[in-house]
Amino acid sequence: MSLVTFGETMLRFAPESGERIETATELEFRTAGAESNVAIAASNLGVDAVWTSKLPDSPLGRRVTREVRSHGVEPSVVWSEDGRQGAYYVEDGGEPRGTNVIYDRTDAAVRTTTPEEVFGAIDLAAGDACYVSGITPALSAQLEATTSALFERAQEAGATTVFDLNYRSKLWSPAEARESCEPLLEHVDIFVCAARDARTVLDREGSDESICADLAARYAPDVVVLTQGADGAVAIDGDGSIHDQPAFPAETTDPIGTGDAFVGGFLAASLESADVAGALEYGAATAALKRTLDGDLAVVTPAEVSRVIDETTDGIAR
Amino acid sequence: MSLVTFGETMLRFAPESGERIETATELEFRTAGAESNVAIAASNLGVDAVWTSKLPDSPLGRRVTREVRSHGVEPSVVWSEDGRQGAYYVEDGGEPRGTNVIYDRTDAAVRTTTPEEVFGAIDLAAGDACYVSGITPALSAQLEATTSALFERAQEAGATTVFDLNYRSKLWSPAEARESCEPLLEHVDIFVCAARDARTVLDREGSDESICADLAARYAPDVVVLTQGADGAVAIDGDGSIHDQPAFPAETTDPIGTGDAFVGGFLAASLESADVAGALEYGAATAALKRTLDGDLAVVTPAEVSRVIDETTDGIAR
Amino acid sequence: MSLVTFGETMLRFAPESGERIETATELEFRTAGAESNVAIAASNLGVDAVWTSKLPDSPLGRRVTREVRSHGVEPSVVWSEDGRQGAYYVEDGGEPRGTNVIYDRTDAAVRTTTPEEVFGAIDLAAGDACYVSGITPALSAQLEATTSALFERAQEAGATTVFDLNYRSKLWSPAEARESCEPLLEHVDIFVCAARDARTVLDREGSDESICADLAARYAPDVVVLTQGADGAVAIDGDGSIHDQPAFPAETTDPIGTGDAFVGGFLAASLESADVAGALEYGAATAALKRTLDGDLAVVTPAEVSRVIDETTDGIAR
Amino acid sequence: MSLVTFGETMLRFAPESGERIETATELEFRTAGAESNVAIAASNLGVDAVWTSKLPDSPLGRRVTREVRSHGVEPSVVWSEDGRQGAYYVEDGGEPRGTNVIYDRTDAAVRTTTPEEVFGAIDLAAGDACYVSGITPALSAQLEATTSALFERAQEAGATTVFDLNYRSKLWSPAEARESCEPLLEHVDIFVCAARDARTVLDREGSDESICADLAARYAPDVVVLTQGADGAVAIDGDGSIHDQPAFPAETTDPIGTGDAFVGGFLAASLESADVAGALEYGAATAALKRTLDGDLAVVTPAEVSRVIDETTDGIAR
Amino acid sequence: MSLVTFGETMLRFAPESGERIETATELEFRTAGAESNVAIAASNLGVDAVWTSKLPDSPLGRRVTREVRSHGVEPSVVWSEDGRQGAYYVEDGGEPRGTNVIYDRTDAAVRTTTPEEVFGAIDLAAGDACYVSGITPALSAQLEATTSALFERAQEAGATTVFDLNYRSKLWSPAEARESCEPLLEHVDIFVCAARDARTVLDREGSDESICADLAARYAPDVVVLTQGADGAVAIDGDGSIHDQPAFPAETTDPIGTGDAFVGGFLAASLESADVAGALEYGAATAALKRTLDGDLAVVTPAEVSRVIDETTDGIAR
Amino acid sequence: MSLVTFGETMLRFAPESGERIETATELEFRTAGAESNVAIAASNLGVDAVWTSKLPDSPLGRRVTREVRSHGVEPSVVWSEDGRQGAYYVEDGGEPRGTNVIYDRTDAAVRTTTPEEVFGAIDLAAGDACYVSGITPALSAQLEATTSALFERAQEAGATTVFDLNYRSKLWSPAEARESCEPLLEHVDIFVCAARDARTVLDREGSDESICADLAARYAPDVVVLTQGADGAVAIDGDGSIHDQPAFPAETTDPIGTGDAFVGGFLAASLESADVAGALEYGAATAALKRTLDGDLAVVTPAEVSRVIDETTDGIAR
């Protein structure tokens, strides 16, 4: 039982904390992308994970696969002569400056990925999970079609399909996102959605719990997980039971990637047959640990996640 | 309508956070000085700004002008064969250690700047603003005379004179500061003063509001702005109206330069014909953003300042 | 009157804050060890201090002595052809990740140090203080014997013996620690113990004050100091008077070494003939300053400690 | 008399020497582009210089203008909502690895710059010099047209037009370059061309001197400068006199930008009315100094260039 | 057809060039070991490679596997509760200082690896290559036995066994090395040996060519490769033909790992069915590229190696 | 038998290699001064060494003493409330840029040091060596007098006085240097002088050997050592024998401090009773090692110096 994810992974440039891109003379150089972030979190937590994408055949593309692979995720990449290596710049500022992200995704090689290229790169089997975020269909019409085809194929193979709507206002409008994502939801088994996005993109109203039930009724996935940022998450399982999971307190060094860490932890627990409540808790603990780390990636161990859940951390371990 | 400032700009050395000068093996290398700080903040906010000073004709002096110029401020510098390039060392520590500043300003070239040198370097026109801080007259008797001459000339030209008392206990005593600054105040249109300094140096008592009115009555500038550190600022305008401006909440990465950022923002708004209340708000927002940045300088955009005022920042923008 | 300490000093490797050892490509390189930490804190506060140990005759061993010496402590080292240079790795994470320490002390040269080697390296005179932590006897049976011999010799010479139990669960069990330390306590004049360790290792119960009195009664040192982490310390002096010392508030950059800074400050004051209450206060202020610094070491001046005690710090000093 | 240049300036990313992009975790962050490089070299040597381009209105675009301006060059930029900020990655390896450049210029904002936008951004007067490299027309058909219009306008205004063919095999083929550049040469007063490019792109044969004469005869500029890499340069002036200038010996830290430094120095001398022989020598000395510096930019002073020419450098100056 | 290697991989600490370990405050943090170096070079050149070892189950052990995996090598590791993570420190100095290596391999977990543990971790098939260096049997008697068992098993499986004597004077004496390695040579198909080691350890005399033939006659492997440092290599193949391969000229940034890069390149070519002469050339080109890189690892591509062989590198590629 | 030195030690700021002070954003932070450099070289080579000076009582002054002490030299410092901490900036460029030094020594605290202050800080005994460079009397008239008094006192105590003329054109003219140094030479036992300075300052002519003899005749010290930069040194001993010592070949990372390393090595050997020829060789080997290190300081061991002399270095030691 393994996890397969598909989407764009970017170079990630960041100045030191307290410094601005406009005046920086050195940048941290990492890689990031929702789908590789989720695969990496899950892999670090013990899951066999494969991430697939299309990358330019260059040192920049190889920079991406090296970092993905270092976390134990198998990068099954279509190498391309055309298209750019996408990038993003992030400046992490305390309030009131906030965190600012600048995307540089124009003409990324991944945008032309066809279903055939994806099917050539990965195998899906019963019991696997197949994850794509809403960022992928936002990138091109081709990727919208490829995501749809992938989810259909995954369900045919008996895999669980997982979709995190993950709305990005710098990529598309709420109306565009809704139009593109709703058809995908017909093929989704686990639907993850930020409560904010459910309201903005999917026009839901009411309490988070009622939105959760509403989404379950409307789109009929097996599970709906509504993430609430600093407040945790609420989910409805196949029995219609609602589960509330508060966030674990965390000192935040870098907030980016927290949502992906949550999903990666949730899926790692799910694939090891945790129930929805257990998976929520595991995801929340993974997300709390991620908050203490620079970069998008949840470099955490199962033992650390368990310790957060068991609340046994006590200052300095020596 | 442009801003002209005159004063010393120093090299600024700082160890990394958590490190001490005594044990450091590498130092951050920046430039700073009240008058260039104010010009830079205003320039980054859209104002034509000129900063003038006297610097040694050496790589150290050129290091200063390069950084000043990179922010769009025109450095109109008198190059000197004599005198040092001033410097300061700063160690920024959490409580109870606090922030410690070590000045190394002995024999700085700027100390001998004559009125003629300043007049040769700058033009002043009606509608311009001319800013000097109380640090400048503290540096030498010559600079006290030059500041006075500059303010007189500016008023003759129809420019608005701006003086921030900016008391530095490592440069002179309260009595010396008072004796030197009070004559200058005869030529000041906008008088900025820390509430603390009003009490220590100018012997004022009572509430900040009453001190504000008191200073306006005593020295007869058009506007008095009393800065209150973390509490914001209070000002009295030409009509005798009192305006209170609370500070915007901010996570402080580096507190140094906050007051200069406030003045820079205040003047940027004033030069774009904001009223005193609007200028205070603009200054306070600029100051809050500066607090999130390392170094003395307010590397901020008008859009960011407006967003702080409109309170629309909401976590990560992506 | 000088301070003599004996124990292992390690290389200390740490990734940048927010980074993990597993993924780091650069590590901060410092040195640390309870006994050199205490000597360094005391030396920085004006005490003549000597630290003795056995180190491999290599650049790694010399790296240690160079850093110790830079703080004014005389490293009186037995150079060895055998045995390793011990090391430790520390990852400092915000909650819920916490701080993690990985020891790499196997086969350290210090483990074979004999009483003769120690006696050859140091002189002890009446009025001196001789400090060893409970880490030293935990490292080997030889070091248990050597610590015992050193304390006996020190008392014979008229020096004050100081022992900080400093329990490390990664080195031994509570039962082992108790069995080894109790005989040592017969030769201890000042006994420092974390309240937590008094309960875990020495099986004490009740309030901290009662445990303090209990330890004084049971082991008969002149002074017992019970440290309470973020809550401060409580001590009982020779007259049986109990002294409570709250911790000074501090923004913590790096918590490791705080206890050693406390002991170093306490001993510095004691050797300058402060009474127990004064020494506690001096130690607590030293510890609060240490918390603002990266690394194990209290790089602080007597003036800074006094300023903390006098509560006169007031933001930026300039 | 000032220098006006027009072209793309990119972000420049480089790993440390000895490190590869594929494995780097930090990159140096600079800016570079033939036309800003030339303007910066000239400005550092005392010339009034303006560089114009079209940039995205973002921190990335502002990063470029800040660095350009820090060298005293006025960036007269058309800010755009569309198009990317171009970038390049460079890995500088000793032999046999060599230096590798990866362009990331897709869809750069500059590509759509119209003649009207350029004419709105700059003024040209008699006696000025107007420089564009062959990289600019290589970037888009629009830029080919805009370059042509700019050169025509410059000649009408009495300015000297300067064109450096600067062939880039990663941007276009020799045939494409020839087809595009030959019509431009009708409007060129000073034609700079690498000897290698003269052979590859312009199909010239024979000795460098004969090629130089050949180009002068064929395209009829006032001056032809044929650069010979490590061997120096040869030029023919308006009188048909040939001038040979050997390269000054230099220890090369970073070879990129050497050609632009040469042109910047050549133009700085020309604008100060040096003859061709003197300008060649000044350019060669500037280029030699550039070789000792990291990054594309010639951060040099007139005094340093003169000292190279006078061969008076003698080890350590102290 | 894949490559399997077995041996110790260490943490690798290095100060910056020009700095000493004794005075460094920061160290580069990499991983290195002859057997993982060879696997990584081969993997970067397109070979399926597996490296096996025993590591402590800690962040330090995981640090090693992450870096190995990032190069595409599968780390098939036995995780251990006992034993250290080995390390080495390297200081790279120009002449006359030279490069100094300090091993810190005491009690490394790998030392207890049994044949059963190795056989449990890897599969060997006909056509594979199995590489171990002479460092492995030098580390413990157990590893001597395990190496022998592994080579026997590999030959039984139809794999090609490869042994590089790689004498390390800090690990054992020439006599010890000879006594241990000679029995191993009975099971070796490709024997790599430094010419210097052939003389020192194996007591050979005469020209390199004659030593090569002598070793082939004495130990009867299929191929003997005698490496000659900066002079290249000489080999004798199964037909008794001697092949001389000069080294490619290279500017050396870091010499360590050059020999392993040579073997990795040689084996990559051999596994792709190059003959001995072609494999020597491919190994020599890989080694030359490695010399330009910091760290032990050959981060190179097949295209780069081919370009070195084809001598088409020509300065800056752009 | 110990070495006592007296003179100014500065902070030393340097950008990274390839970077300029004008554009740097970070500087290496070290300490340096001829007299502490010599003491440190000697101390690292086993000599008891004391360095005395006057420093401002500040973190900057303490930064100096910490680094001096870390090399085992006892800093016996007069702490001052007046005067600056001197500094220098160095930019190390390949040819033709060369190395540039910018002094910032104005008003350094050391300039007012009286003989009484020096005598209060140090003890001198028969057999000791007492070293001052010609930089010290160049700094002030007071220091000229103090140097003279120190040399007289040293000779009275039976110590050997050592003077290195060390002419600095940025501090004084040749005529001034001659006028000041010649009277000092009456009290000098070992006179070290660069051949270049002997010509420029002391107006000597002829071959280095004849100048050496000439100086010995004129000023009557026991030993004259004439240093020849890259060519080595020539000396005349008390018997009038001339000794030539070529320089050991070295790859130079940083040339500054090489002369001081030579003197430190020469004195270390002399104090261990080497004859002049042996001391020259030891000094030359120390200087060659220094050339491979960044910074002014000879961080070398006696074993390394001996290895250079024995020419046994052979690439990588492992």
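Should a chain be cited, it is by its letter among A, B, C, D, E and F, assigned in written order, with residues numbered from 1 in that chain.
As a convention for this text, a residue touches a chain if its C-beta (ideal position, glycine included) is under 8 Å from a C-beta of that chain, and two chains touch if they have at least 3 such contacts.
This is a predicted model, so every value here is computed, not measured.
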Give the chains in contact with both chain A and chain F, ordered by label.
-> B, C, D, E
For the copies chain B and chain D, the interface residues, called same if over half of the numbers are used by both and different if under half, are same
Tell me, please, which of C-E, B-D or B-C gives a repeat of the A-D interface, judged by over half of the contact pairs matching in residue number.
-> C-E
Cα centroid separation, chain B vs chain F, in Å, comes to 44
Round to the nearest whole Å and give the separation of the Cα centres of chain C and chain F.
-> 40
For chain F, which residues are shared contacts with two or more other chains?
-> 20, 22-23, 25, 66, 70, 100
Residue ranges of chain A touching chain D (in the complex, touch as defined) = 13, 20-30, 58-60, 62-63, 66, 84-85, 89, 91, 100, 102, 104, 106-107
In their shared complex, at which residues does chain D touch chain B?
-> 66-67, 69-72
Once bound in the complex, which stretches of chain E touch chain D?
-> 70, 248-254, 285, 288-289, 291-294, 299, 304, 307-308, 313-318
Chain C contact footprint on chain B (complex, rising order) | 16-20, 22-23, 93-101, 103, 168-170, 229, 255-256
